[in-house]
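Order of writing sets the labels: A, B and C. Residues in every chain begin at 1.
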Amino acid sequence: MSYDTLEALDHDTREAIDIDRTRGDFTFPERNKFDAGRGLTSATVDYISNVKNDPDWVRAFRHKALQVFLEKPMPTNWATKDLENIDFDVIRYYLSDGEKPKRSWDEVPADVLETFERLGIPQQERAFLAGVEAQFDSEAAYSNVKEELSKQGVIFVNSAEGLKEHEEIFRPWFGKVIPTGDNKFSALNSAVFSGGSFIYIPKGLKLKQPLQAYFRINSENFGQFERTLIIADEGSEVMYMEGCTAPKFETATLHSAVVELVALKGAKIQYVTVQNWSSNVFNLVTKRGIAMEDAEVRWIDCNIGSRLTMKYPGVIMKGRRARGEVISIALANNGQHQDTGAKMIHAADDTTSNVVSKSISVGEGRSTYRGQVLIPKHLKGCKNNTECDALLINSKSRTDTYPAITVKGNRHATQHEASVSQVSEEMLFYMQQRGIDEGHAMSLAVNGFINDLVREFPMEYSVELKRLIDLEMEGSVG
Amino acid sequence: MILSTIPTWFAARQFSARERYESLPMPKRGDEMWRFSNLKQLAFDEGTASSATIDPLDLLARSAGPEKSAAKLVFHRDELIHSEANLPAGVICMPLAQAIIEHSGLIEAHFMKQETRLGSAKYAALHEASVRNGVFVFVPDGIEVEGTIEVHHWNSGTAGLFPHTLIVTGRHAKVCVVDHFASADEEAGVVIALNDLAAGEGSKLDYIALQELNELSRMIQINQTKVARDASTIGFTLNTGAAWARNESLSRLEGPGGRSDMLSVSLPDHQQEYDQRTFQHHVAPGATSDLLFKNVLYGHSRTIFSGLIFVDEGAHHTDAYQTCRNLLKTDTCEANSMPGLEINADQVKCSHGSTTSQISDDEIFYLRARGIDPANARRLIARGFCIEAIQRLNHPELESFIIDRLERKFSRIAVTS
Amino acid sequence: MSLQIINLHATLEDGTPILKGVNLEIPKGQVHAIMGPNGSGKSTLSKVIAGHESYVVTAGSVLQDGEELLEKSVDERSRDGIFLAFQYPSEVPGVSNANFIRAALQARLPKGEEIDAVAYYKSLYEKMDLLEMDRKFTARAVNEGFSGGEKKRNEILQMMMLDPQYGILDETDSGLDIDALKIVAKGVNAMRSPDRGLLLITHYQRLLDYIKPDVVHVMAEGKIVRSGGAELALELEENGYEFLKEPALA
């Protein structure tokens, strides 16, 4: 038996293992008032700062970051050589129509509105979201939060507005969870960032509905560098969901975000990502949260799209009894490399972290898990549990696992388990003997593999996932 | 080499290895193969002979082994001080320096034929350039050696020692070799040892390295094992000595039905550091590798385990397992684990697991409730923790010998820990 | 109407012959048993009928009510009414029993038609009750973490739900204690029908105390070497397979 080509699999199997990206595969003509041009120099940084009317400290921050970016080597000593195919000189670092984000969809330009309508964003907002930010290339086209929430002090704006209007809240944390020099791409983002969400949840407020951001790339050779900072004040709770699409261009596109989460004492932040970039996007993202005493940060991550994703969400457990969690599903299809993982830094007593990762490699797809767990000296009562399971669908697919666990001291417990399995021929024979054809049998097996994790994902996630699958169905009949 | 009659091929190899050693860069921060490593330990200087007087008879008396040995060779800094053997006809077991002359062809066919891919290519080159002696064991087709071949490598002074062990088994042959590394004095020795194991079809080759150098010494030990069709090998390392020891173990599964068991027990105390890197390389389909490393850490000690299961394209139906378990006994020790998988084939069963834990108060309480004092209770639990790896040797005499070496270390570790 | 096996020869992929001319006919309404020592080819016969790809049919045919089935794929054979209860049922992690059986039933419906969930569960629970299976079973993943007895019961449950024309039970009695064996036998007996033929493959006579066969065959060296009534099984139990070594019968 062989599954050498994905074409050999039937519709249901493909549905089970892949999600349609054709729905996002459309583009409108560019009509950018502001275009920083191609390539990255200090003039580019000044251009962005001028357009955005940055305060001086932000401009200085960008210039410093550019130096760090230029000095840092590519991490190809451990990461894929495919990174060398990114041509920083042809990328366009800033594109916008110069409009401020609108509070009402009625004010959003028609083509942008149509884009987001086709992606279902306004409909979802009405159905179950507390607030939405929709970013089109470099800037948010729409940003709104339910009125009663803003009355209660919830801030949900784009990054530029956050830095200017709410400097006293955001500046103390900005660039603190992820320093500029964390890696080459966090430095790049720090130099040219634009868009992304700034969120503040006041003390004790528990949002019942999630906030959502949607990132859309419309222009070819464009680099999207949004910057998100979420601060959950003491005892508050928030769930944030992000989705993304881009049309399939001839040339590669770069998405390099920085996301910082701050969960103050007793707060809880859940960050849900459904990454569905088209298969020519380099998705190189740095995401990290800090959890203070009794706080919790959960990353719930689903990577389906992109050419190369490198993303290792992390949690620094800074206060006693803080908790960190990463739950992720990755699917690597032909031509894709999902290089994902988790970073758990225990920095206080009695902190607990949990990582559950499942990857599926199909065709010539490659999935990689990299993990880091650090329990430094003089702590006690820290626990980590890591499970990573990989499923290979055929003989050309590949999977790698590279965790690193450092434990200092004798008052902790860590556990790491990883496995690699296939849909075995005997299992398929068994299912086929019950009358289920090969494609359906494969589909059942793949669903079974991720089943227990899907259950871990929040309701809103399954709504999003279901919507994507529905698109696939629609696409297949239309 | 000591003798002037050494074959030209060997002299040439040593010459080019010296050049390679000098041209290869020093490992540096950021090298994945040296992640978490203490690179300061790699500064080796010329060194001098021991200032102590070494009595060969004393070393001989201290060269203990398992009860039944089929052969016993004792070296002090490459010099053979004792040899005895009771081996079946056809088996070759002699100092490497002698074998290079008497069995030049056989040595040339097997000597350092595998690439070093775990970071120490530079030090493998230094070993190749500097090796002066060691052991060569050859077991022809169908011959089974009962009992163990026991080799003692005594070191002294601070000059480098480069012992080499080359073991080759023919079809359906069987042999078990124990290499024992120890210090004759209390000086900061440097030992860079390499062992080449080539297990022929259907053969059984067991290799045990016992590292009991003094706690000032440094050691690099490189193990390279080739496993042919239906052959079965065991590589076992015990680390109780040295200030710093780096073990690189590579098993290459070259034929279907082959099996490699990679085992280790390490008991660092004080400032001791053990840096272990392993590679389970599945070249052929249908082979099995199973790794189990156990570390019990005391004092301010530190361990690094970095293991990789690598399944080549086409090596289907591979079974590969890797487990590293750390038991941390103090608040000042540190365990690093990097268990890795790279899978390029299908119908494979691969898994790895790594745990770090401490002895729970409940366990101690249970033993105390049976009248055992806390110090002994901890020691019993630690001993029990290690035994799983030792029992995989499936060789009762050897097991009890190794447990005895372990007990010696336990008794040196402060009872308070 | 019968399942007819005519001069069936099959080898492993490497050419090693396993079946060396099997002839057998199981009419609807009858229960046949095949007994024989280990390695006689009994299990291979069941897998070849089901269409396992590890075996190559080199000669002969298998006719289902006169129609050749060897040309069909594994799943087609199943949908056309051939059921194999596996000696070692596979685990299907993460897929619940209820969803699995439902998917198998759904595969039998014309496109666009959906299974009625209420009727499905009613029928499933009825059969589970007969097999004394706990309701929790529906939510458990197929065979994952099942005891030997649970796995075999699950095989019978699937057979009852899929209602095949011909059922082949490969060593269904192995790994069962006496209580579990009785329950499994109860399920199989409930499946006896004038519209169905059953073939039991077993090493021991024990199962046949509870499921009385109409015909017993003895298989050895890839062939049926003896056939007879139910009493043949008793005779084998008493004398073992020693007689196979007598040259006259080999």
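The rule we apply is simple: a contact is a pair of C-beta atoms (placed from the backbone, for glycine too) under 8 Å apart; a residue touches a chain by one contact, two chains touch by 3 or more.
All values reported here derive from a predicted model rather than from experimental measurement.
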Field: Pair of chains ranked first by number of touching C-beta pairs
entry: A-B
Field: Farthest chain (mean CA position) relative to chain A
entry: C
Query: When the C-alpha atoms of chain B and chain C are each averaged to a single point, how far apart are the two points in Å?
result: 53
Field: chain A and chain B: spacing of chain centres that average the CA atoms, whole Å
entry: 44
Between chain A and chain C, centroid-to-centroid distance (C-alpha), Å: 50
- request: List, in ascending order, every residue of chain A touching at least 2 other chains.
  value: 424-425
- line: In the complex, chain C touches chain A at residues 50-53, 73-75, 77-79, 83-84, 86, 89-95, 99-101, 103-104, 107-108, 141, 158, 162
- prompt: Which residues of chain A touch chain B in the complex?
  reply: 77-78, 377-378, 380, 390, 392, 394-395, 397-422, 424-425
Field: Of all residues in chain A, those that touch chain C in their complex
entry: 1, 424-427, 429-438, 440-441, 444-445, 447-452
- prompt: Can you name the residues of chain B that touch chain A in the complex?
  reply: 30-32, 35-36, 297, 313, 316, 326, 328-358
